[in-house]
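What follows is a pair of complexes built around subunit A, which joins subunit B in one and subunit C in the other.
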Partner chain A sequence: MSDVSLTIDGVEVTVPEGTTIWEAAARYGIEIPVLCHDPRLEPVGVCRICAVDVGERTLPAACVRHVEAGMNVITANTEITAHRRILTELMLSDQPEQSRREATTGDDSLYALARELKVSDFPWPDAKSSSNPPRGQDDSSPVIAVDHQACILCDRCVRACDDIQHNDVITRTGKGHSVRIGFDLDVPMAESSCVSCGECVAVCPTGALTHQFLGETS
Partner chain B sequence: MENKAEHRLLNALEHIQQTQGAVSDEALKALAAEWGQPLYRLEGLRSFYPVFRETPGAPNRLQICRDGPCRLKGEAAVKALKDALGDRDDIEIEMVSCLGLCDCAPAAALNDSPGPLPDHADIDAWDIKDRHSISEHLPTDPYPDTAAHYSTAAQWLKRPAEEIIAEIDAAGLQGLGGAAFPTARKWQFTRAAQGEPRTVICNADESEPGTFKDRHLLEHAPHLVIEGILIGAAVIGARQGIIYLRHEYQRARAAITKALNKARADGVLGSDAIGPGHDFDIELFISPGGYILGEETALLEALEDRRGEPRHKPPFPTTAGLHGGPTLINNVETLAAVSTILARGASWWREQGIGEHAGLKYVSVSGDVKNPQVLCLPWGTTVAEAIEHCGGMADNRDLLAFSPGGASTPFLPASAAQTPMTFDDLRQAGSGLGTGALFVVGTGRNLAEVLLGQARFFRNESCGKCVPCRVGSNKGVELADAALNHQPNAIDAELAELHQTLMRTSICGLGQVALLPLVDGLKRFPDEPSLQPLRGQTPEAD
Partner chain C sequence: MKSFNPSESAAALAGITEVPTLCPYCGVGCALSYGVDADGTIHYARGRDGASNAERLCVKGRYGFDYAAHPQRLTKPLIRRESAYPRGPLSQFSQIDSSGPRKAGGIVDYTEVMPHFREASWEEALERIAEGFTRVRTNGGPHAMAGFGSAKGSNEEAYLFQKFMRTVIGTNNVDHCTRLCHASSVYALIEGIGSGAVTNVVRDIENAEVAILAGCNPTANHPVAASFMKQAAAAGTDLLAVNVRRPGIADYCSQYCQIKPGSDVAFYNAVMHVIIAEDLHDKAFIETRTEGFAELKAMVEEYPPAVGERLSGVPAEEIIAFARQLGQARSAMIFWGMGISQHVFGTDNARCLIALALLTGNIGRPGTGLHPLRGQNNVQGASDAGLIPMYYPGYQSVADAEVRKRFESLWGVDLPDTPGLTTAEITHAALEGDIRGLYCMGENPFLSDPDINRVREALASLDFLVVQDLFITETAEFADVILPASAFMEKCGTFTNTDRRVQKSQPVRQPPGEARQDWHILRDLAQRMGHDWNYPDESAVFDEFVKAAPLYANLSHTNIGETGRWYPCPHPDSQGERLLFADTFPIGRGRFVPAQLGTAPDLPDNDYPFILNTGRQLEHWHTGVMTRRSRALDAIAPKARVELHPDDARKLGVANEEWVELASRRGSVQVQALLTRDVAPGTLFLPMHFREAAANLLTSPALDPFGKIPEFKICAVAVNALSEVS
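Up next, the complex of A and B:
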């Protein structure tokens, strides 16, 4: 496979054909923020946080877009940062009052991104003022806590369950703004074929899939 | 072809829905065992496509369109009907997205039979057979009778493919599904692309509010569309053709089926259809529903048995489409126009337009005109002339605003009515020709509600794959709805900013345009009273 040369943020880079923009940038020490992407999984490019400017009408997701010879990629500027901030605000606006991940292990990627982008207040209606019904929680499993309200539909758990563990349990169910993750035929997790391997908890970037607390917490 | 269809999960689900009235958990478990598929995959499909229902519901289902022209003209009628039927437990009322019957707004479908919304007194005697039942000879149909059908293909298939492409190029044909991509270039690219399988797809998933021209073409001249597919197949070397038809077009489905059967019986399709040893047939695929499937890569996902969520581009379908092979996807009207152009010649086609404009265009006119209908107009006809062709404005209204190209194209004020209905002229005027769907709004209407209605449509039809579209379209609608219907709030700047993010970062065209008509309308109609609540002002009482 031949090499491709391009420019990322003014840096001349050369990578093998078929490399994504995100991988190429990472290889040269340029970090592009992501939420739905995990290098262990096939990229899906749905959170759009890694949107970059390649001089086209729209901003492609760096995690899925392959490099092209002579491409001139800009990974951050005023416009891109503004979009990343709005996308982050949109996802935050639907979050529950407390992220179970942030409250326990403290590594909720959405909140980390919000801190990095200095997101504080936003004009978008939040989950409480929304006319959409709450998306609910699924506490059926003694091992894994599911908070649908915290889910950003990044698809990481779906891919991890299928592609890493080959357990084939999780799907996106529904359509549009009411999409959720679902187990088997959209049954409670404990009634599904889930084997509680924990891979989904490991890859989830938010408080949607976390380990159940052992006992009560404050 | 039947064999192929049986190998598709979506066809199996459609069959279950048809025969059992629902796709139940038990049916999916049996299907999963039979096909060796995980349950989650079947759940993903069942929950994505609106045709599939988990439970059968009431014996009768009345679907009523909630979009664009139907909402404009039907709110009172819909409310009266709902009130009258409120205590009938044999009828379930469901508000649905555009049914493609904007000429009989408010439109409805009772047990999948489409037609104008009935009066509640007539609901039990619902009869829709009288509408459009007489086959019309369309102005672009070059054939005097059925015996002459497909003679254009017979003649051109003897000639080199390059000559076919050159003739289409000379006619200046552009994609008439809204994107305006030069047809000859698309055919050239797909022909040049390497790989298998090679497929021609007719995108007949017309679902954008205000758009119903493709239905008209399919009902009255399916042979022109089939002939266009056949010629396209010869040019790109395809062995399979697919017509991807929206579920709601029942009459078109019957017309296409009849035409396909006749073409097979006459040897137009089948063995040696496009040359010795080169078989070709066309499958009619009925979409399990949803506007997003008209997005060409979402359509491909559906044909490959997945949730109809658009793919990232590149690669484009011309090089890597259905099952990874080169795929030629054209709109119904584009394929029909190819047949007309090759039958009559590119120079004839060019002469049909006004001035420097080439050809004839089918335009769907809906809203506040006396006789909403599909018109076949010379390219370059103005908006005002199109309205006149429909008998002028209805109910003694004056023209307030119009959207010339479907739900994604911004509304222009009455002062722009002399704009010719062409891609370039309408773009320069600040809107677009889109699908050629002229939605006319008269004075006395609430323009803000009309604009928000367009955003609602896109919000409702978002596939939910990417964050800007899934979350952003919903937040935009909720923000605007609260300001319009509850508490005035100056949100024009926030909506404009949100639209920029949706336009630049959404994966497909749906999210990119979801808030466009609303945000554009706020800028273009500074004095429109109905929009003042979105600027934080209380509208003056009438």
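Up next, the complex of A and C:
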């Protein structure tokens, strides 16, 4: 496979053909924010947070777009930041008031992004308070807490369960606004074939899949 | 949410430090970090990018860390009260003929046991132990003492424990749970290729066209290794499973052969018969790298597929398909587990797998190799460190005068010249009156060894028993002195995983109360018994171990660092060798050792018509001392159930979850039934972890003649419905 040379934020970059823009940037220490991607997973490009400017009509998602020779990539400018901010605000608009991830392992990527983008008030309606019913929770598992309301449908858990641990338990179910993740044929997690490995919790970027309280016995 | 205004950073992160260390459970040796607060409370585990786990963890590693903080942790030395003699079991459960309480969560009842012990100072406890050991030695000689170390301890602790038994006590009667695990595999490997460890790492399965999963259940017992196997299968590796009980990974296999219990040798001999008959063997490899092919060929000639079918129950065409798939593969790895090793013919079973690899030239190249999946997090290391009766550290024979002289000069004492007794032999010798004193560090033979009724008698018959552990175990009920020891999360030490990777743990919390580091206890006892042991820290112990065992040359606490290295390690900057024996074996040529199908000792008859198989389940660990004190694991899997085929259940009139009594020629237990087609009709499976349905009340103490491993996989039992009990 031959190498491809391009420019990312003014940096000359040479990477193997077939590398994504996100990977190429990461290799040169340029961090492009992303929610739905994890280097251990096949990228799917659904959250669009990693959108970058390559001089085209639209902003492609860096996690799925392959590098091209001579490409000039801008990873952050006013337009891109505005785009990321609106997406972040929209995702926050139907998040629960408290992030369970902030309270357990502290690594809520959506919150981290919102902090970085200095999000405060936003004009979008609170999705929960409109005609849409709350998406619900599943606390059936003794170790994994599921809060569908915090789920941004990034599919990281689906890919971690299928492609990392190969337990093939998590999938998507429902249509439209009621789309959510499901276990086996949409049974409560504790009744599913889940083996509680916790890989879904490890990759989830929000408070949707978190550890149940496991504080040491007292 | 209409606005976003949380604090600057997540509240959960305040005061939490992530400490890089290892998982305390299985031989995969996953690297992880614990999120710990200033009090040493562990809040969560996060997978690290370790060589064997790539950030992955399983339920035990991810959620089973809270046992170390369980309120039942021992915090002071305990001495048996005078009123608790003559020595015997203290809890209801441990009484003779008890079949255990029918309730979940059956850990030792402290309210029953504690009144028979009194708290003591370390000074008093250690003095009493020094006196006790000396008395046993004076009365019966040094070989009246024996020691059980633990594969849960570090290399440093294993090294010091065997050194203590050999130099301070003066006996080679030192062993640990490898004897109940892969002793037969190690014997066959040392005989066949001259090395008892794996020849290749688990993750190299990604380079294998075919992988055989023989007598193992990796999704339950090595879950993270299983994830790499399943990943390889998704990428095109053909997995071939052979087992008496359908393993979870069979769903990902291209072929699953359900053999009859104890017929492994017949099955693999038939496979080799087909490979040779169809000219699929690697003649160049056999010619240049092996010896004894003619003898193997003569043996497997007696096992054509039709004979294989009759003996193993696998249809001849499936045996042929299996042989062709393996014979035609350019690379194949062979993994195996307790279904191979825990038999009276475990060594013969392993010999067949080694022969299969030699026959097809599948050693020494990427995607090939022999991999006995090691069970405990440090069973490889504990064996490497000499915690076995026939070898000093580094598999150097105690019977070899040259070797012994070298160790006498290294340790500065005279050493005994006879190999010691193995685990089950020690139990037997105690019953015979030859073993009078026992030192148990982190082992629980009362539940882990076969035929508990016999173990009970053996423990009761001792003159002096010391148990050093985290909790009061079933074994500790018999002790004269119980010492409070340290948990994995409290230790700094090295642990060698199934891949031969030596990795270092870091303490994240202090031992509770007056509990001490295990190696400090050993050092203090040695000093008290007149030996000048002075190690400033764990790394000094490791350095002495490396000096004693050339196998670990070029490794030190410093260069192992946070990520570990494989041994052998050719120079101090090397990462170590992943793949061994590309050109030659330590014994030169690999040896084919032909094996004839043997007969198990405890077969069914009209009174005991079923065959019981015992083993492990995903959420629990061995005798349950740790995992049954983990809130999460105990909540997911609170009770024992015996797996029973629905056809048998119908004949017995047993419904799912109903109670049955299992009786063998040695004992009986009462347990709920789990109806599943994973087990074949006429066979049962009972996990070993649950004292209230202790599988080893039933098992037979018969041993493999080479590896001295007990027969845990075949035991004749009767099953009776207990429908009157709800």
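Quick note on the criterion: the second predicted complex is superposed on the first by the 211 of 218 C-alpha atoms of A that agree within 3 Å, B and C clash if a C-alpha of one lies under 4 Å from a C-alpha of the other, contacts with A are read in each partner's own complex, and residues count from 1 in each chain.
Going forward, contacts are C-beta pairs under 8 Å (C-beta built on N, C-alpha and C of every residue); 3 or more make two chains touch, one makes a residue touch a chain.
Every value quoted in this text rests on a predicted model; they were computed, and no experiment measured them.
Of the two partner chains placed around the shared chain by superposition, subunit B is the only one that A:174 touches, whereas subunit C remains out of contact. Contacts of A:142 after superposition on the shared chain: subunit C is touched, whereas subunit B is not.
In the superposition on chain A, A:48 contacts subunit B only, with no contact to subunit C.
Once chain A of one complex is fitted onto chain A of the other, the partner contacts of A:93 extend to both subunit B and subunit C. In the superposed model, A:104 makes contact with subunit C only, not with subunit B.
Residue contacts after overlaying the shared chain place A:132 against subunit B, while subunit C stays out of touching range. Shared-chain residue A:12: touches no atom of subunit B or subunit C.
Across the superposed pair, subunit B and subunit C both touch subunit A at residues 93-94, 124. Taken in their complex, subunit B has these residues touching subunit A: 25, 28-29, 38-44, 47-48, 50, 290, 307, 312, 459-468, 470-475, 478-479, 481-482, 491, 494, 497-498, 500-501, 503-507, 512.
Interface residues of subunit A, counted against subunit C in their complex, comprise 40, 89, 92-97, 99, 101-108, 111, 114-115, 119-122, 124, 126, 142-143, 163-166, 195-199, 201-202, 211-212, 214-218. Considering their complex, residues 1-6, 8-13, 16, 35, 41-44, 46-47, 54-59, 62-63, 66, 69-71, 219, 223, 227, 230-231, 233-234, 252, 618-619, 629, 631-632, 635-636 of subunit C touch subunit A. Within the complex formed with subunit B, the subunit A residues making contact are 45-48, 51, 58-61, 64-65, 79, 82-83, 86-87, 90-91, 93-94, 123-125, 129-132, 152-153, 168-179, 182-186, 193.
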